[in-house]
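Some structures to go through are shown next.
Okay, so chain A shows up in both of these, paired with chain B first and chain C after.
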Partner chain A sequence: MLRSLNIDPEKCTGCLQCEMACSYENEGVFNPAKSRIKVFTFHDEGRFVPYTCTQCDEAWCLHACPVEAIKMNRETGAMEVSDSVCVGCKVCTIACPFGTVNYNQDTGKVVKCDLCGGDPKCATACPTDAITYVDANATGLDKMRAWAAKTDNAASA
Partner chain B sequence: MSWTKKILRVNLTEGSVNVEPLNMEWASQYIGQRGLATRYMFEETDPQCDALGPDNKLMFATGPLTGTMASTGGRYSVITKSPLTGAIACSNSGGFFGAELKSAGWDMIIFEGKSPSPVMLNIINDKVELLPADDLWGKSVWETDKLIHEKANDPQTRVAAVGRSAEAGCLYSAIINDLHRAAGRSGVGTVMASKNLKAVSVRGTKGVGNIKDPARFLASTSEQKQVLAENAVTGQGLPAMGTQVLMNVINEVGALPSRNMQDVQFSEANNISAEAMLEPRESDGKANLTTNAACFGCTIACGRISTIDKTHFSVENKPEYWGNSGGLEYEAAWAMGADTGVGDLDALTYTNFICNEDGMDPITFGATVAAAMELFEKGAITTEHTGGMELKFGSAEALTWCVDVVATGEGFGADLGLGSKRLCEKFGDPDLSMTVKGQEFPAYDPRGIQGMGLTYATSNRGACHLRSYTVASEVLGIPEKTDPLVTDGKAGLVKAFQDATAAVDSMGLCVFTTFAWTLDNMAPQIDAACEGDWTVDRLLEAGERIWNLEREYNNRAGLTGADDTLPPRLLKDAAKTGPAEGKVCGLDEMLPEYYGLRGWTTDGQLTDDVRQKFSLPA
Partner chain C sequence: MKHVIVGAGPAGVVAAETIRKLDPSAEVTIIGNEPEPPYSRMAIPYLLIDNIEEEGTYLRKEETHFSDSAINVVVDTVVSVDPGAHSLALGSGKNMEYDKLLIASGSTPISPPIPGIDNPRVTSCWTLDDARKITSGIKPGAPVVLIGAGFIGCIILEALVSAGANLTVVEMGNRMVPRMLDETCGTLLEKWCKEKGVNVMTSSQVEAIEDASDNVRVKISGNREVEAELVISAAGVRANAGFLEGSGVEMSNGAVVIDEYMCSSVADIYAAGDVACGRDFSTGEYSVQAIQPTAVDHGRAAASNMVDHGAVRHQGSVLMNVLDTMGLISASYGQWEGIKGGDTATLVDKDNFRYLQLQFDGDRLIGANTLGMTQHIGVLRGLVQGRFHLGNWKNRLMDNPLLVMEAYLAATQGIQA
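So, the complex of A and B:
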């Protein structure tokens, strides 16, 4: 079963546990500045919104890469960057409409979410279930359930 | 490890910035944050110095767990000598600033001297510079934050700043970071402004690494996060209701002081409670509370994000206050609401916004307004002093007027900015000030919760609930239930809470974890992160060492056992209603036993035995 990250901003508190988990897994340091998932704060509206790569099937980044450094992992469905192949041309960062591929000055390569090889650390770390890792065919299930709960079909007395 | 082992020393007189290694011997004894900075204060300042003079120092300190994945590990404290109390001050703040400072590679910043003109400190990792801040002087915290962000052109920059109240000399000004998190009490912001230091901005992209045993640290922090999630208070109560969950609870216990502590219950508590914050209002159908919010790394998320009703008189012509910002915490809602008799939730949310916008401690502000209202009731303060405003208990108009004038220090705002002790002295009725060592009480009446009387009397920073929150035991039964109306056993309870809390603060964790965690839950986390063996016993010993050093600092500053007391109202006037009816606070029944447990003399001085036992500096 293919799974994907399911993000529910309503539940997010802006704690950044996800960013720390991500940076620790990938860079060995608790460092939101190096996280591949980002939580945005809209202060005036009182909203926190986590955002990261959604692993498009027809991935812009993959198609744009001139050296085929980005490949789909068949098991997880993640678009993965191969560091040994990436030349740091940044074309993928331009191609991705969502901005979720970014260049890392320290290594000269690009970085993006790779679903931690099928065990995304952000989802494990999130205390509110704002990020979950669920069946890719049913990411809408929770929302459907929530709306279903609002229907008024209570048995009349 | 997990300390960055580097500190910044900023001499404002000379305009110099120097890097120093952290004193690791002190770190092993005093942990970090509150404890470690107290050790530096003790070494480097004269406890008798003028708090607002160039000889006082101002320290921003993180703990070894700040900036890590340990839940609530985002905190920092500001340590200095307080202008309000003359005692050592340590004001703890959450938000994101502390973790950012650590992520930039710094355990601590020590500010010394006084700048000849307004400056701010800008930190981008190793690049640290003092910049002129003439353009920021005279601006509120919120404007300052906005201007710094515009200049930095980096939304991730974190800012801590003082507002106009501090510049005007209000003695209880706070340092506000991330717009609405505060190093709130004892006038630490006033000290910052006295040094002509307007703001500190930080961007840190190095992160926090160097964990001693990463695998064990990740396992232990996630296990302990689970403990917080499963606990009723930290897993449900605080996220859903915030600290405001206490308003109705404490009112029922008969320990919610009202009208400057003349009463111990407030008839309108229900209107300003957590429950009220969830009620949809008539005008737009929205509730006061928009959402809860977390500080850095916190899996509890007690923070409140609120709006004010646009049709409320305080903001109807001020659209700049129609958006979301930091909402009411219990202590603030009590001081500005119950204590002044104001049961208007929107008025309180407005005064809360202004306390954040211009950097005032809402507890001391509210309690000072309450004292002013009693002075007004007695005729000592009149409309001549206020320029026409009637300072009546229960008046939302008076309360919102007060916050506006304290924010700028104009007119009667300068008097209110003195705090209640100096205000009541000035108007000839010093007994009306509900303070210990010059600092106002928070929201628990010690006639109804006896342990809090001893807590307030002996707190090293003047009246404060966060030094030993015995409410946890006496009301909530955490870790075990004690009777709030008896004094028996409270000396030991207070001491145990004081020592443990000093350790919690010094690690860089939030004290709200202690609804679910004891040091047993924390020791494995710091032990996996930091070099050396960190056991519960070692943490407790460090906590007691820190408590004693703070006390020694205060004794040398001139405070004595005679300052460990409460206002006559709490010792002589019995509670009129509720479960504590007929009771006063039995402080004398607890204080001698407490001194004994501490190993101090009968007049509250440290002994050589204690100094030796904790290897305190000479």
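So, the complex of A and C:
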């Protein structure tokens, strides 16, 4: 069964362990600036919101790519970028309406969350269960909706 | 049901695949008049700088992709359409019948009315064939003139410089990419290019191209003159729709007029991509956007309606462009020029070539220009397409436009400002 990242911003304390784990796993350095998951801070409201790709079914990035460099990993459901195919045109970065595909000027390729191949390190690193890796029996779109609705409720609760 | 698609670019290929998915028993044929397997023009700049081989431009990498999907790809040219007989005449002399026809024939560069434009040293940069001509024509240090600093001109500019060209760019408008970037942004881009050694001439026109001994002399307004081994013309495009003459299909500025169901004025004939005058998400008006994401968007919507007319009402495509000009990345979205009575938020750091401009209609984001930004740009699309009312977050963005990601999260996760 496919699993997906489940984010519960109410539980986030802004410790940035997820960003550290992500950048270390993917870039080999502890550098939040290189993380694919990002914790946004709302100072005035005292809120933290971890945010990354939801591997949506719509996969705007995948459809926009002119050279088929983004494909779905059938085992994990993640949309993965193939560095050897990507030409670095950045069309996926402007097409993703969630802003979760980013261009890396050093490599000339784009980076996005790939669920670490099925063992997302952000979820393992999160000490408060704000990020968990759970069974996803819903479709990507339903996942998005559920995610949006849930965080909505959390916000108004 | 027999579906025929004219054009093997992204619009045609995505439409064919979508039809196949929706109707496994349909007959699907793509007719394209370029000899290569279906490829993406967008990848050409990366071919010019040897980042990829020609195969790297192919839309589908699996050699048997089309035969595996039972999509016939035919190399031929459609010369006319007879809607009464539901049939096409092909350049090879054959005819082909269709139940549903998709016009996805793209566009072709125009040849500006300049004396000498037909000189063999002048080429466009549009097809793989053009790309081969350019790569064989550019030697390190070779003087090259690029006519037009529009979107396509700017996209190939970097490739030309990396290939070693000593480049002069001549643009009629008062800044670079005048139809994608506002004055501040386009002017900053020009400054950047000049600092990198590109000779950029804005508000200028090429007046003539004359033969010189072993190259050409390019005469430019203001009594200027540059020698060039190669001239690349990127002065705009027009739709490939000549073969529709006499078919009764309604045109606007040479492009096929379509409705919300991607259908032309003639039943069973649809259009998609650069050849189609499609709905713009922001304005609701019909225009040719001539960009890859729109071609794909159109292809999918058209296919759904070819299989089941009325299935998908196209909401319109959001205009969006991204450009990398020698390491400086710019992007534009939607109504980046703003609207009357709307507000504009700007943040500019000229020394570091950074710029962000947001356009609002009331408290909704309707367009943007960015320069020097690579993180979370896509969320601008999310905000434009979601038509979110930003409430007090709009005021925060007026103060600090960089908070777009926060504004988006606030709008989608109910965080009040």
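By our rule, the second predicted complex is superposed on the first by the 137 of 157 C-alpha atoms of A that agree within 3 Å, B and C clash if a C-alpha of one lies under 4 Å from a C-alpha of the other, contacts with A are read in each partner's own complex, and residues count from 1 in each chain.
Keep in mind that, in the parts below, contacts are C-beta pairs under 8 Å (C-beta built on N, C-alpha and C of every residue); 3 or more make two chains touch, one makes a residue touch a chain.
Model, not experiment: these values are computed from the prediction.
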Clash or fit, chain B versus chain C on superposed chain A: fit
Partner chain in contact with A:51 - chain B first, chain C second, else both or neither: second
First (chain B), second (chain C), both or neither touched by A:2: neither
Touching partner for A:64 - first (chain B), second (chain C), both, neither: second
Touching partner for A:21 - first (chain B), second (chain C), both, neither: first
Touched partner set for A:85, first chain B, second chain C, both or neither: second
Chain A residues touched - chain C or chain B, whichever exceeds: C
Chain C versus chain B - closest C-alpha approach in the superposed model, Å: 7
Shared chain A contacts, counted only where both chain B and chain C touch the same residue: 44-45, 47
Chain A contact footprint on chain C (complex, rising order): 10, 14, 40, 42-43, 46, 51-52, 56-61, 292-293, 296, 300, 320-322, 324, 327, 329, 331, 333, 374-382, 385-386, 405-406, 408-410, 412-417
Residue ranges of chain B in contact with chain A within the complex: 67-69, 71, 96, 103, 156, 179, 204-209, 214, 218, 222, 225, 229, 239, 290-299, 301, 303, 305-307, 323-325
Complex contact set, residues of chain A against chain C: 9, 38, 40, 42, 44-45, 47, 49, 51, 60, 63-64, 66-68, 85, 87-91, 93-105, 108, 148, 151-152, 154-156
Interface residues, chain A side, partner chain B - complex: 13-17, 20-21, 23-24, 27-34, 43-48, 124-125, 127-128
